[in-house]
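Below are structures written as structure tokens.
Next, two complexes with chain A in common: one pairs it with chain B, the other with chain C.
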Partner chain A sequence: MLELDRVSTGYGRVRALDTVSLTLGAGHTLAVLGPNGAGKSTLLKLVAGLQAPWSGTLKLDGSADLSPLDVTARVHRGIVLCPEGRRIFTTLSVEENLCIGGTALLARPGGAQRMREGLERAYSLFPILAERRHGPGSALSGGQQQMLAIARALMAEPRLLLLDEPSLGLSPVMADEVYATLAALKAEGMTLIVVEEAAGRPLGLADTAMILRNGRTVWRGAAAAARDPDLLQRAYLGDHAA
Partner chain B sequence: MNLLQLGVDGLATGSVYMMLALGISLVFSVMRLVNFAYGMIIVWFGFMLHVLWGTGLPYWLCVLGALAGTVLLSIVLARAIFMPFVGAPPATLLLASFGVAIVLQSVAVVLFGEPARPVQTPQILLTSIDTGWFRISVLQLLSLALGLTMLVGLEFLIGRTRIGMEIRATAESPEVARLMAVRSDRVLTFVFALSGLIAGLVALVWFAQSGSVTARGDLAPTLKAFVAVVIGGLGTIRGAVLGGLVLGFLETAMSGLLVGALSGFQQTFVFALVILILLLRPEGLLGKATGGMR
Partner chain C sequence: MRRPLQLRSDAPLTPGGYMSLVASGMGIAALLALAILGLNLATGARFASLLTNLGLWLIIAVGFQVFVGSTGTISFGHPAFVALGAYTGGILTLPPAMQRIALPDLPGWLAGLDPGLWPATIAGGAVAALLALLIGPIVMRLTGIAAGIMTFGLLVIVNEMIRAATPLTRGNATFYGVPRLAGLTEVLVVVVLVVGIALAYKFSRWGLRARSVAQDPVAAEMSGISVVTSRLWAFVLSAFICGIGGALMGFFLTAFSAQSFYVGMVLPMMIMVLLGGMNSVAGALTGAVLLTFWEYVMRLIETGGMGISLPPGLSQLTLGAGLIAILFFRPSGLWGSREFFIAPVGQTRKGDNP
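Here is the complex of A and B:
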């Protein structure tokens, strides 16, 4: 579904990603791991269209070149980013957050109907959001805000969902709940890229994994193989640490 | 001084200042633009009304035409000049708006010259009604009605409609709104159109009061709008209402209290009070805006 070929990018003159390649098949889940500042978020921004590549190519569905498409156009193609730190609209109600998430639907035939169905689906997936639907987003707990952020991203009916540190700042119980939801989405056939610093939960979910350090891919392979603590330690800290 | 009369006059003047403040605050809430060209948009309404009146059209058609022209001017300025600066530092936006004000003013000077041009107003607006307790002009009634309608309309538009929701989302976090496929260009264009409409409506009252327009007449409305939003707080409806009313009542009270030699210092006293308010509440009486005029 998604193919990156030797993509580099950065901020100003600082390189954040150096010739990174990846292939992700439809229905598969990729875990992107690595220490802070490795370029994980930049990779997601690149795919979502928030960050332009310096070199290399991004392709969707084998042929379509993503580079000329802006963020909005990519949402319409089914690429939706659930940003780091949840970033829900605190001044909007829970339901309004979801309706903003479904903006892309309004441009399609039967948009209003699909918006209603999306809301129903979000509320059945996260009953707590139904209870709080008219309350402000700011009144939710951290875990509930993460639920809302995921539900809001789902409103756009993504084919490829990009999640930036979905368990960051959550209690272990809440983080498990978030990953149970992601597992359910994967079971429905959705393609996911999950970025995390902590490797445990994403490796349990993903089919494949890649580990970034200083903008370079230091390891790529099956998720099951990445669960080796020695491998993780070397990949995160560099070879001299082993 | 009749207290009731002071209340009525203060409320009517405050209503005008509130409308001025709403137009500026609305644009600020979505793109952090402090628009110093706002007063020139108001002045241009005056010139459009002046020119249209010269064609012999009925008054209400002239007003509609000038309103449409003002909305169009605001949209053109937004799309051609302000929107390319989205995300720029506030100082850059501020300077851009100064540039726009200077250009609009120069064009007005070239086309209409420096002397004042008459802006016709139907006699009915200038008649006064004496209720026995206080006097109120039809123009003051119109200001109050316009202000109230605008308030209710904006509250509904921002709080209850789809575009209002997108405005609030864009105001709180433009980049996340963009991630959700919200077309920020459409939201901003709509907000500028709305701000232009508000400018036109308030200009209608403004020039009916003075009866004439000059190319350099933008300072007074711009200044009143800014003082009002500074008192109440930028970027919220409440802030514009409170700031506009406080400024209206202050001015009215000053003109009633200051007699004799002091009567020429009305503005001095008003600004001294504004400085005092800001010393005590640097972020305005109501504090910081949270987003989207709420």
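Here is the complex of A and C:
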């Protein structure tokens, strides 16, 4: 579904990603791990279109080149980013947040109907959002805001959902709940890329994993194989740490 | 809780709910309009000019609020749209005899059109909206201070162009002879309509998009929203309403000059919207009412009309102090982003704002 071939990018003159490649099949889940500043978020921004590549190619569905498409066009193609720090619209109501997320639907046939179905689906997935639907986003707790952020991203009917640190700042119970939801989405056949610093939960979810450090891929393989503590320690801290 | 009058900032999604939302907002505007008409009758039309002026400011403040509230961006350029509305309306409706005297060099195709009050008013709004549509794609890329400075540049440019376009505008001289087509009633009818338009936009998907962009442009873009386009429609609609207000102002004043719609108009507009809450149509209305009456009372005191004599300049001084106090104690204005709606008694939905 998604193919990155030796992609590099950065901010100003600082290189944040250095010749990173990956292939992701439809319905698969990829966990992107690594320490702070490894380039994990940059990788998601690159796929979402918030960050332009310096070199290398990004392809969707084998042939279509992603580079000329801006963020909005990529949302219409089904690539949706659930951003780090949630970034929900706190001044809008919960339902308005969801409607904003469904903007891309309205350009398609039967958009209004799909918007209503999307809302119903979001409320059955996260009943707490149904309870708070007319309240402002600012009244939600951190975990509820994360649920709203995921629900908002789902409103666009993504084929490829990009999640940037979905468990950041959540209590363990909340984080487990968020990952249970992600597992349900995966079971429905959605393709996911999950970025996290803490390896435990994403590795339980993902099929494959890659570990970044200083913008380079230091390890790539099956998610199950990445659960080796020695491997993680070396990958996060460098070879001299082992 | 049973409250017939509700303060809400959300919108129901069902079309019926949306329409009733707009209708009940207009209903409240109609109550305000009736109150003003009643006041006019009760005082034997002694304050008709003050009250009409208030009506004109209500329109302009709502027009300004549509942009400021939807985009979170301050504009110094909106008096330019009021000016375009006033001059367009004036040129179109000037009686032929007056046109020959006041505007001898008027291009032939503009002379003797006389479309009447409402077409001329809408034309005023349309010309203002057209300018917004033309420059919007550039201006709407900016936010914050940069946008403020650019819109100020717009004000200066339009003002200079009006001064320079002597065959159309009499240049620096006063534009006079506009027939008095609008009085209190016409202005108040437009107030109600304009409130309906502003609320219909605010809670429409386009208004919602603009408000989401105002809060977090990146998050909005990631939801598939075009940042510039959603701001642009707020700008165009806002210019249209201000243009309509300008045309009516011209029909009420009958004589005006480029100076009438310049820097001096920015401050009242700004204060009205900030006072009431820049994210609320109800706030713009409240601000316009408060400011108009406050200025009137202060001017009365300054001229010794209330039996006490205080130095001139008091109205500006108290206004400035009042604005600082509001911004200090309630930075989001009196109503914040809330609107008034009439809800059926007993119907409070789960999850409503308190």
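Rule of thumb we're sticking to: the second predicted complex is superposed on the first by the 242 of 242 C-alpha atoms of A that agree within 3 Å, B and C clash if a C-alpha of one lies under 4 Å from a C-alpha of the other, contacts with A are read in each partner's own complex, and residues count from 1 in each chain.
The rule we apply is simple: a residue touches a chain if its C-beta (ideal position, glycine included) is under 8 Å from a C-beta of that chain, and two chains touch if they have at least 3 such contacts.
Values in this document were obtained by computation on a predicted structure and should not be read as measured data.
Asks: Will chain C clash with chain B on chain A after the two structures are superposed, or do they fit?
Replies: Result for chain B and chain C: clash.
Asks: Please work out whether A:Val47 is in contact with chain B alone, chain C alone, both, or neither, and reply first, second, both or neither.
Replies: In the superposition, A:Val47 contacts neither chain B nor chain C.
Asks: Tell me which partner A:Val71 touches in the superposition: chain B (first), chain C (second), both or neither.
Replies: It touches chain B and chain C both.
Asks: For A:Ile211 in the superposed arrangement: first (chain B), second (chain C), both or neither?
Replies: Neither chain B nor chain C is touched by A:Ile211.
Asks: Counting residues of chain A in contact, which comes out ahead: chain B or chain C?
Replies: After superposing on chain A, more of chain A is contacted by C.
Asks: Contacts for A:Gly135 in the overlay, against chain B (first) and chain C (second): which applies, first, second, both or neither?
Replies: second
Asks: Report for A:Leu30: first if it touches chain B alone, second if chain C alone, otherwise both or neither.
Replies: A:Leu30: touches no partner chain.
Asks: Between chain B (first) and chain C (second), which does A:Arg87 come into contact with in this model arrangement: first, second, both, or neither?
Replies: Touch partners of A:Arg87: chain B and chain C.
Asks: Is there a shared patch on chain A that both chain B and chain C touch, and which residues make it up?
Replies: 48, 50, 71-72, 75-76, 80-81, 83, 87, 89-92, 96, 99-101, 103-104, 152, 156
Asks: Please name which positions on chain C make contact with chain A in the complex.
Replies: 8-13, 205, 208-209, 211-212, 215-216, 218-226, 279, 337, 349-353
Asks: Applying the document's contact rule, which stretches of chain B touch chain A when the two form their complex?
Replies: Going by the criterion above, the answer is residues 162, 165-166, 168-169, 171-173, 175-183, 290-292, 294.
Asks: Which residues of chain A touch chain C in the complex?
Replies: Going by the criterion above, the answer is residues 48, 50, 71-72, 75-76, 80-81, 83, 87-96, 99-101, 103-104, 106, 116, 119, 131-136, 152, 155-156.
Asks: Applying the document's contact rule, which stretches of chain A touch chain B when the two form their complex?
Replies: 48, 50, 71-72, 75-76, 80-81, 83, 87, 89-92, 96, 99-101, 103-104, 107, 152, 156
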